[in-house]
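Shared between the two complexes below is chain A, which has chain B as its partner in the first and chain C in the second.
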Partner chain A sequence: MVSDANVTSLADAATPRSKARSSGARRHLVGAMLLGLFLTFQMLPIYWLVRMSLMKPADIMASADFLPKAPSFDNYMTIFTDPTWYNTYINSLTYVILNSIISLSVALPAAYAFSRYKFIGDKHVFFWLFTNRMAPPAVFLLPFFQLYSAVGLFDTPFAVALAHCLFNVPLAVWILEGFMSGVPKEIDETAYVDGYSFPRFFITIFLPLIRAGIGVTAFFCFMFSWIELLLARTLTSVEAKPIVVAMTRAVSASGLDWGLLAAAGVLTILPGMAVIWFVRNYIAKGFALGRV
Partner chain B sequence: MNKIEDNRAWFLILPVVLLVAFSAVVPLMTVVNYSVQDIFGPHQRAFIGVEWFREMLRDPDVQASFVRQILFSVIILAIEIPLGVLVALGLPRKGWKSSLAIVLLAIPLLVPFNVVGTIWQVYARPEIGLLGSTVNALGIPYNYTADGISAWVTIVAMDVWHWTPLVALLAFAGLRSIPDAYYQAARIDAASRLAVFRYIELPKMRSVLTIAILLRFMDSFMIYTEPFVVTGGGPGSATTFLSIRLVNMAVGQFDLGPAAAFSLMYFLVILLVSYVFYTILQRINAS
Partner chain C sequence: MSIVLKGVGRSVNGAAWLSDINLTLEPGGLYVILGRTLAGKTSLLRILAGLDRPSRGEMQDGAENLVGVPVRKRDVAFVYQQFVNYPSFTVYDNIAAPLRRQRLDRAEIDRRVRSVAEIVHIDGFLDRLPQQLSGGQQQRLAIARALAKRAHLLLLDEPLVNLDYKLREELRADLRNIFRDAEHTVVYTTTEPDEALQIGGTTIVLHEGRVLQIGPAAEVHRNPASTTVAEVFSDPPMNIFEGRIEEGLLAFAGLRAPLPFHMQGGPSGPCRLGLPPHRITETAAPGRVQLTGTVTLAEVDGSSTFTHFEAAGGHWVMQRDGIRPKPAGSACTVHLDPADFFLFGTDGMLRTAPGARTRKVA
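Let's turn to the complex of A and B:
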């Protein structure tokens, strides 16, 4: 590749256009190498986790060889056959899906209001919502525990789903507002002139127009709820224990079964990877809160 | 976009306001309540005003974690923002290579916080981790459980691993919104790579980079799970950041009053800094 670029640049050095092209090729190469390097840095720790998940604890503790020793799927089998493990997986999915549904259904109308209307206190409410995204979960630990115990939701998926609304709802409003602002207002006006009521317009015309935004928002709610530990740990004990918590307790109880822990870890990454493929074209825009 | 003035829009945001009021305002008021009282038992408490706040401000441990926290956030921003932009510049703009690179980049973002900690805890161990054994094989003394500097390097590397993709994806979203015509014009003018970056790409990335700085500041300032799993705040208290200190105080020692006062001041700092960024962001969007 390098020599190729040099040859072309020597051969056509006379014209400025080809000079631009060859420097472009070199720039491409540097960029690609940097990206490759960075992706390697990103993948090695993941590989290490996968490697561990295929090994026995004794072998894990024995060496740092690059390839796994005596690889097997035993750790995964343990998780899939032991209800105390796979139930925690189901518990996690329950509150995460619950949270995504709640967040989306309240955020959709609100985002529409923020993107289309001016009203008393709109900027203040928006910033206030946004401050909740910034609140350190550690601050809310004790009050949440007391609040959800008081209303009888402690150790149910609802408690975690509602608690995660604290950061997911503001985020959902923010992303959706960005996507909605990209839809021309003339569409709303035409629909109203044509005699559509607001709910009918909103559901049959407007929502399909921003389905990419809804998909991305759902993904983000899913992701941020799925990866959170502190609140999920505080608000559950036995019945609704999520997988991430099961992992921390496995550490203290069974004397560090790294192989099992790694297998559980790999399993926590899979759902996100399954979902991300569907939103890959919009995810960059979603991270930019729908604002590009 | 010209917005219509209509106060009935409040009905549309009412569900959000109620939900967030339930899950944020009620707990926050509890914290305020604790912060001004001394609690001896279930029904014994006394109003003591700002005494806890004063005590927390003077507490050397709290001061030390605050300095540590600022240092951490500054290092994180100084590394992740330029690195993220560089990675975004290297990303292919279209096609399956672009999709694949984006999906690979996003993987660390999907890993639960404690699993991130678990991965790095092993990955950086000198005897059984790839990173730890490689660094030691190079002749550099490195042991994050015993040495403060190593612990910091580990935590910073972990955060760079975890969150640089976020910055890269944001910057990439900004880059992708630049029409090809801009680059063609730059080529006709024979603009240097640096000039293209400085006058075309950077201005287009301004608003997304502000979001990136805002998100990275906030999240690095309230980091808890990852360092807690890897170092537990140690060795000593070398990596005890604000959230770790706070959780130790609230759950470990059950010091409700001081913890509440600490919480409020902690939240206030984040609020102030974020308000500054938020205002900048509003101004960029308006222009």
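Let's turn to the complex of A and C:
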């Protein structure tokens, strides 16, 4: 009797569970399909860019095949051998790296002050910093152009690097402040009790504790500076022309060279991907301004 | 050189955190600051360390004025309630950090690090990072770093409060030995009366930013200067109730008893009385008076029972050994011996304590 009862109860229990399993599998399938659809939409333009970069201009106009026709790396070779092309990469990298260094070295002490000290108007200044990010860069075009022309910085990487500080320094301060506030103030005090001077404490004890934050901040500065077009275009002409400008201006006598532009586009995405790889574990924290 | 505080106070945003602190810390002395949370223990310790500046008053080390001397120029070591270590340094480098700042030579640093690590029992973990240690070991590391420095003044801010019971007992026993051997002045804060008694030394009772009493731990415990000290220095707090001395009789809680020996000879009139919870019993004996009340709560903590009850319009706590839970709402009959009573004036100041050999009359 007892075993009978057990059997029926097991059978009863099995039915709903297998039903649940099959409906769960169906839900998985739907989810995977939706995700696949989304990824296709997302990745298709990038794929198309890669496809074009491997083709000759004539083929690009003639064919709409999914796979590239007669793929070759000619376009890439042109970019790597023609100084007017590869110099634009060097120009871009120069001001982006310069900007990251300036932003970080200015933002580190500022963020430390906001995180550790109370001073009159600290909250207002902190918020005001962030509002700089909300102003349209176009507003600053005219003053920057005039100012840099007047002091002879026009068409140099310094001009762009400094101009980009306008939105990168506030962002860096915000991100770093979040990371720094996660470090207990008692560590600072213990270091002073132990006889550390401020610079030595800051460099040997404090910076290692927020190195993830510094990495994320450098990444954000790098990315925002790398993709910015408006200021970069206005403040440069020939000598310091960055890649984003070259890409949008590459019109030759024979019209637009689609293949070459596509190859330049692919090469422009690569540094970002490389940097993302390094900070992939901290990027969400960076987007939350270090406040996770 | 002894450290002297004169009229030290600290106010933050208009609220007085410390007022009129007068203290003398003798070299090599062991001082335990006892007070509840928000009593100002940490504020006082931070001022002693030089981490905060007093708003008022003077602080001197011998002839040298200490107010305004930055913390890194002072000869102090500080242990926090939280386990504060340098997370990116190994245990060895953590302990060595203050010594390297003192520019000692390598061999001396190595010798000191190893000997201190041995004292606090973390000599097996010198290559680890602080996060790879348990909470108790992390605090031991913080203590080791403080000891290694051999500072003139060693400050510990409730160092055991974030540890579990077992670790706390263990580390407390170790600390007692360390303090006994130490030649520096030690200031230790705690909220727990038992800890103050176990650590010993001189107890400084702090309450709402004021020093209420200073004296050897056992002495302060036996003769609390006021009802507040008595409440702070016993856990659960001492029962305090109103009484009256009239014509050789002591009236309290609607009862009357002959005036006990230690209270004789004092002035008549209203007074306040104190009775430690463990002095209330459930057994009758000659000399004891009987009080009946209603149980409101019975707490059992493993080896003893705390029975809270209402009687004669007041709230009482009785501490008994053993597990004797009583349902709330039940009646209870207890016996009190007036010979155990502390006698306070209506102003709350102690007039005489039980067992006082000589009658102290205010």
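Operating definition for what follows: the second predicted complex is superposed on the first by the 251 of 292 C-alpha atoms of A that agree within 3 Å, B and C clash if a C-alpha of one lies under 4 Å from a C-alpha of the other, contacts with A are read in each partner's own complex, and residues count from 1 in each chain.
Keep this in mind: a contact is a pair of C-beta atoms (placed from the backbone, for glycine too) under 8 Å apart; a residue touches a chain by one contact, two chains touch by 3 or more.
All of these numbers come straight from a predicted model, not from anything done at the bench.
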* To do: Give one word, clash or fit, describing how chain B and chain C relate on chain A after superposing.
  => fit
* To do: Could you figure out whether chain B or chain C reaches more residues of chain A?
  => B
* Asked: Which of the two partners, first being chain B and second being chain C, lies in contact with A:G265: first, second, both, or neither?
  -> first
* Identify the partner contact of A:M223: answer first if only chain B is touched, second if only chain C is, both if each is, neither if none is. => first
* Asked: So, does A:Y196 touch the first partner chain B, the second partner chain C, both, or neither?
  -> second
* To do: Could you say whether A:I205 touches chain B, chain C, both of them, or neither, answering first, second, both or neither?
  => second
* Asked: After lining up the shared chain so the two structures overlap, which partner does A:E186 touch, if you call chain B first and chain C second: first, second, both or neither?
  -> second
* **Shortest CA-CA distance in Å separating chain B from chain C in the superposed model** => 10
* Structure fact -> Footprint intersection on chain A (chain B / chain C) at none
* Any idea which chain B residues touch chain A in the complex? -> 1-10, 12-13, 15-17, 19-20, 22-24, 26-28, 30-31, 34, 83, 86-87, 89-91, 99, 101-115, 118-120, 122-123, 125, 127-133, 161, 164-166, 169-170, 172-174, 176-177, 187, 190, 193, 207-208, 211, 218, 221-222, 224-225, 229, 242-243, 246-247, 250-251, 256, 259, 263-264, 266-267, 270-271, 274-275, 278, 285
* Which of the residues in chain A end up touching chain C in this complex? -> 184, 186-187, 189-197, 205, 208-209
* Asked: Which of the residues in chain A end up touching chain B in this complex?
  -> 16, 20, 23, 27, 30-32, 34-35, 38-39, 41-46, 48-49, 52, 60-64, 66, 102, 105-107, 109-110, 112-120, 122, 125, 127, 129-144, 146-147, 162-163, 165-166, 169-170, 173, 181, 185, 223, 226-230, 244, 247-248, 258, 261-262, 265, 268-269, 272-273, 276-277, 280-281, 283-285, 287-289, 291-292
* Residue ranges of chain C touching chain A (in the complex, touch as defined) -> 49, 51, 70-72, 76-78, 80, 82, 84-89, 97-98, 101-102, 145, 149
